[in-house]
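The block underneath contains the structure these notes are about, expressed in C-alpha cells.
By letter and in written order, the chains are A, B, C and D; residue numbering begins at 1 in each of them.
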Amino acid sequence: MSDMMTAVIKPRPGAGLELTQRPVPSIGLNEVLVKVKAASICGTDLHIYKWDKWAESRLKPPVIVGHEVCGEIVARGAMVKEPNLGDFVSLESHVICNTCAYCRTGRGHICQNTRLIGVDRDGGFAGYIAIDAQNAWVNPPDMPVEVAVLQENFGNAVHTAFTADLVSKKVLITGCGPVGVMTIAVAKAAGARAIYATDVSDYRLDLARKMGAELAVNARTGNVVEQIRAATDGEGVDVLLEMSGAPSAIEQGFTLLKPGGAAVLLGVAPGPFTFDWNHHIVFKAARVYGVSGRKLWETWYQLRGLIRSKAVDLQPVVTHRFALKEYDQAFAVMASGESGKIVLFP
Amino acid sequence: MSDMMTAVIKPRPGAGLELTQRPVPSIGLNEVLVKVKAASICGTDLHIYKWDKWAESRLKPPVIVGHEVCGEIVARGAMVKEPNLGDFVSLESHVICNTCAYCRTGRGHICQNTRLIGVDRDGGFAGYIAIDAQNAWVNPPDMPVEVAVLQENFGNAVHTAFTADLVSKKVLITGCGPVGVMTIAVAKAAGARAIYATDVSDYRLDLARKMGAELAVNARTGNVVEQIRAATDGEGVDVLLEMSGAPSAIEQGFTLLKPGGAAVLLGVAPGPFTFDWNHHIVFKAARVYGVSGRKLWETWYQLRGLIRSKAVDLQPVVTHRFALKEYDQAFAVMASGESGKIVLFP
Amino acid sequence: MSDMMTAVIKPRPGAGLELTQRPVPSIGLNEVLVKVKAASICGTDLHIYKWDKWAESRLKPPVIVGHEVCGEIVARGAMVKEPNLGDFVSLESHVICNTCAYCRTGRGHICQNTRLIGVDRDGGFAGYIAIDAQNAWVNPPDMPVEVAVLQENFGNAVHTAFTADLVSKKVLITGCGPVGVMTIAVAKAAGARAIYATDVSDYRLDLARKMGAELAVNARTGNVVEQIRAATDGEGVDVLLEMSGAPSAIEQGFTLLKPGGAAVLLGVAPGPFTFDWNHHIVFKAARVYGVSGRKLWETWYQLRGLIRSKAVDLQPVVTHRFALKEYDQAFAVMASGESGKIVLFP
Amino acid sequence: MSDMMTAVIKPRPGAGLELTQRPVPSIGLNEVLVKVKAASICGTDLHIYKWDKWAESRLKPPVIVGHEVCGEIVARGAMVKEPNLGDFVSLESHVICNTCAYCRTGRGHICQNTRLIGVDRDGGFAGYIAIDAQNAWVNPPDMPVEVAVLQENFGNAVHTAFTADLVSKKVLITGCGPVGVMTIAVAKAAGARAIYATDVSDYRLDLARKMGAELAVNARTGNVVEQIRAATDGEGVDVLLEMSGAPSAIEQGFTLLKPGGAAVLLGVAPGPFTFDWNHHIVFKAARVYGVSGRKLWETWYQLRGLIRSKAVDLQPVVTHRFALKEYDQAFAVMASGESGKIVLFP
C-alpha cells in the first residue's frame, strides 16, 4: 500500500475543486481506515463546488470533499471491536460526540458537536478515508457497490418518510432530486395509498414516475394545486414530504395539506421567507416535523430491511458514473438537473 | 316489497340454527333498512351454531344470526342525512351508544354499551336488516359484493395490523383463519420486511402463502420456534400478531418475540391459561396490545384506502359460496377448517 | 318564563355591539335550551367588537355574540338522552357535523363544517341559548359559576399544553392573556420542570407569576432571549407554547427552542410573516403542532380531571365581573390589557 | 490510598454474605474508579443474600454485591473525557455493550449483553468500584448523599411511571416497596388525578400515603377491588403501575383497569401463573408494557429534572442507615418489610 493517495479537495476559498495527491490518513484507537470503492455526489457537494454563502461560512479549506462513501476496511485502531478487516462498509457521514445529552438519549442526529466528513473534516472523494469505527456500517459482501454508496443519502429519504405514518395515506412529495425519488420508493413500500410528486425538471419527473409516483406535475408548466386537488377528489393530501426547499413548493404543499395533516421538511430554503402561519399550520392543526440527517443508527437498520426485502430498488436512481478524476464533468451534469444520482469511482 | 322475509335464526338455547319467515323490520328515526345482498360467516357464528358457553351466556334467543353484511339502502328514517336510498353499503356490526366517555373520545370500539347485530339484536342472515344510519358504510357502486361483505371482518385485520408499526419489521402471524390471512395481506401492504405464519391446517397455510407469508409453519407437524428462529438468523420477530387464541401459539409467539417487540392480540383464548409473565413481557420490555373490533370509523377509512389503491386484494380469501338456505352445509365446511371465507346469498 | 330575553348583538357591520330584546330561541329534536348563568369575554369577542378584517369576513349580522357560556338546562328536544332538565352545564362552542371523516374519527375539532356559537350562529351573551345536546357538558352542581364559565377557554389551554409531553421539561409560554396564564397552570400540573413566560403587559406578567411561572419577562422592556437563555444555563427550552400570535414572540420562542424541541401554536398571527424555516425548524429537527379549539370531547374529560383533583385552580384568572348590560365597560377593560378573564352576568 | 479495601461479597453458593478485604480495582482506558460514599440495598440484593433460584442461576461467586452506588471519581482511564476527577457521581448499574442493535438505537436498557454490577461483575458494597465512564452520572456537588444513592432505583420508578401518560389519570400502584412509593411521588409530579396504592405491609402503606397516595389499601386485610372501585365511582383506573410481582395483585390490578387502559409492569412474579388473557387484555383493548431497568440515559435526565425542580422529594423514602459492616442487621430489617430504603455507608 502506497503512502500517498489521489484526492479531490477544496484547496482554498472560491469556486471549483482540485485533484491532488495526499498522504493516506493515519487512524486513532477507535477509528478504521476505509479503502474507498465509490463515492456519490450530494447537493451539498454542489454548494461546496460553487462556494455559496453556506459553504463559505462552514468550510475551512483545504479539505477533502465527499460524504457519501462505501469501501473496504483495511486497518483498525487497537480498541475497535467491529467492523472487521475486509468488511464491505458504507459510511454514516456524521461523526457525533457520544457524550452530549442528545447522543446519550438516542438522538445523535441532532448532536450539536457533530462533525461532517467532507465538510468539517476530510471526506471520501479520495483513495482512503479514516473514520470512527461506529460510523462504518457493514454491508452484505454481495451488495452492489452502486447500492451501497447510495445508502447514506437513502437514509435521508427513509428518515423523512418514516417520520410520518404513511400507510393508506395520500402523500405529496415536493422535489424530485435523488433523495426525493428515493423517498417516493420508500413511501410506496410503506403502504402509501397514492403518491403525488412535483419538480421543475421533466427529467426528474420521469424518474419520479418510474419510482412510483401516480401523478408527477411540473411546477413550472403545470398548476400544482389544481391538478393535485383534482386527483384527490378535492380533498388534498394527508402528508407532505418537502424535499425541495423552494418557498413556492412549500406554499403549494401546505395549501394542499388536509386539516390534521403532517408535513415533514427536509428541503433547505434559500433563506427566510414569508409564510401564512395561521392558515397553513394553526387553523389546520397541522403537525410539522423538521428532519436533519438520519437517526443514528435506527435509520440504517430500517434501510437495511427495505433493501434486503427488496421493498425498495435503488438501482434506477443511479443515472451517471464517472472516474474520480472526471469530477469536473460529473459536477457539470449534476448542475444541469438532468440526472439522478452520480457515482464517482476512485 | 313483501311484508315477510326469510331469516336464519337461533330459535332457542341449544345447537343448530333454523330457517324461518320473519316480518321485514321497521326502522327508527335514525335508522336505515338494508336489503341484504350477501352475508359471510364468522368464527363467532360457529360458536353460536354450536351453542358453546360464550353463546349461552350472551344470546337471548330467538335472534336472527349474522353480522358480516352488505346490501342496499331501501328505506331511511326521517332524521337520516346519509347514506342515501339506493346506496350500496357494508355494515359495521357494533351499534354504539354515542354518549359514553369512550364514544365521545373517538374510542367507540370499546363502548361498554355496544350492541352487536346477530348477537345482541337481529342480524343479517336474512332478507333485510334495520340498523343505525351511522353503521352503514357506503361502498363504490361497482365494488364486488364478495369484497364488500368481507370488509367488516377485514377491519379486524386492519385494526390488528395497524396497532403496531410494521414498516421494515419481521412479523409473525399466529392463526391463519380468514382474518389471519387478511392480516398477512395488510402487513405486506404496510411494508413488513418478512412475514411468518403458523396454523394447524395445511389448507389455511397454503392460503397464507398465497396472501404473502414468506414461511408458513404447521404447528402440529413442524417446530414453530426452531423454524422461525432459523429463518430470522436466530433473532426472532419484531412483531407478533396473535389471531388464534391458542395458548400454545401464544407461548410460541412470545418466545420468538424480540426484546422491545410488540405483540397485538386479537385471538380469543378458550379460557385463563398459565403464562410466563417475567420472561415474555417484563424482562423483554415487550409492549402488548389487546384489540377488540374495529376503530369506529378510522379503521373503515383505512381499509377503504387499502382496497382502492389495490394494496390488498381480498378476492382469494373467499373460497366458498352458498345460498342462505344452504346454511347447514356452509357451517359444516366452516367447521372443517378447510376453508377461507364462506359467503351466503339470500 | 317570558317569551323575550335580553341579548348583546352585533346588529350590523361595523364597530360596537348593541343591547336588545330577542325572542327566547326554540329548540330542535336533538337540542337543549340553556338559561345562561354567566358568559365570559374571549379575545375573539374583542375582534368582533372592533369589527376587524377577520370579523368582517366571517360574521353575518345580526348575531348574538358570546361563546363562553354556562347555565342550566330548562328544556330538551324529544330525542335528547342527556343532559337532564336542571343540569348545570358549560357549553362547547363548536357545533360539529358528526358525519364528516374528521367527526367520525375522533377529530371533530377540525370538522370543516363546524359552526361556532356567537360567530356563525347565535351565542350566549343573552338570557338563553339553544344548542345541540352533545355540546352541553354537565358540571357538578356545586361548581362555582366563575369556574364553570371558564372551562371552554380553559380547554384551549389544556389542548395546547397536552399536545406536547411536558413532564420534567423546560417550557416557554409566549403570551400571558387569560388562556396563556391558564396554560401555565396546566403545564405546572403536568410536571413541567420550569416555566418561563413572556408578554408586553406587566399586569399579565404578574398574573403569570401567580399561576406558576418561574420567570416572567416583559418583551417590551426586557431581553427575552438573553434572560431565558441565562435562566436555562444557555440551553434554551424543550417546549414552546405559543399563545400570542406575535411574530416577534414566535421568533424569540423558536430561537430559544432546543434542537429536537416541540412548539405548540395556538396564537393567531396578524397575517403572513417572514420566518427562518431552516434554522428554526429543519436543522433543529423541531416538531411544530398547530392547535385549534379543543379535542371533542377528550379535552373536556381532561380538564374535568384537572379541576376535580385541584391540580389547577382557575379562580385567580377571573379579575373582573360585570352585569351583561355593562358590556361596553367590560370590553374597554378587556382592550386595556389590564385584565385576566372578564365574566358577564345576564 | 491503600491498595486494599473492605467489601461485602457473596463468597460461595449458599445463603448469607461475608465481609472481607479486597484489592482496590484497577481501571481500563474507558473506565473510572469511584470511591464509594454510600450504597443502598435493593430487593435484588435480598434475593442474592437468601440465594434463591434466580441468584443461583445467575451469579458466579465470589462477587462483590451492591448496585445502587454513589461516590467520588478518584481515577480516570486515559480515554475518559468525562466525568472529571473529584466529580460526585451516581452509578447506572447496567454496563451495556454499545455495539448491538439495541444499544445503537437508543434502547440500551434491553441490551442482551448487559452486565450488571453487583451481580455479573463486582459491585459497590465496598470502598471502591471500577466502572465504565459512561455509567457515572454527575450530580451537583451539594446533592445529599442519601438522595444521590437512591437515583438508580428511583430511575426504575421514573421509567415505569413515564411509560404511560398519567396527566389527569386515575392511577393504581400495586406494591409499596421503596420503588413503589417513589413511583407514587413521580405519578403525583406527572399530574395524576388520583393515586391508589396496595401492599400487604401497613408500614409501607403509611409511607405510600406520605408520598401522595389518596387511598392505600392493605391487600391482606382489605378488599382491594371493592374499595378502589368505590373510590373511583365504579369506573376503575386508567393506569396500573405494577410493582409487586404478586399474581394476586396483578389480578386485582387488571380487574380494576378500565377498557382502553394502560398497565405498566415492573414487578417480577415468582414464576408463571394463570391469567385471564381474554377479559384482562383482549376484550378490554388494554395496553401492557413490560419495563426493565432505566432508559439509558433518558431516564437519568428525567429524574434530574424531577429532583432539581423539587417536584419529587426522595428524603422520606430513606428510613434506615447502617455502616457497611452492619450489613447483616440491615438485611434483617429489609427482610422484615418494615422499612423504606436502607442505606449503607462504607
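Just so it is clear, a residue touches a chain if its C-beta (ideal position, glycine included) is under 8 Å from a C-beta of that chain, and two chains touch if they have at least 3 such contacts.
These numbers were taken from a predicted model, which means no experiment stands behind them.
Comparing contact pairs by residue number, the interface of A-D is reproduced by B-C among A-B, A-C or B-C, since over half of the pairs coincide.
Annotation: B-D is the more contact-rich of the chain pairs C-D and B-D, by number of C-beta pairs in contact. With centres taken as mean Cα positions, chain D sits 42 Å from chain B. Rounded to whole angstrom units, the spacing between the C-alpha centres of chain C and chain D is 42. Shared interface positions of chain B, defined as residues touching 2 or more other chains, are 107, 301.
By the touch criterion stated above, chain D contacts chain B in their complex at residues 102, 107, 109-110, 112, 250, 259-260, 265-269, 271-278, 281-292. Taken in their complex, chain D has these residues touching chain A: 29, 79, 81-82, 99, 101, 104-107, 134, 295-298, 301. Contact residues of chain A toward chain B in the complex are 162, 167-169, 189-194, 301-303, 305-306, 308-309, 311.
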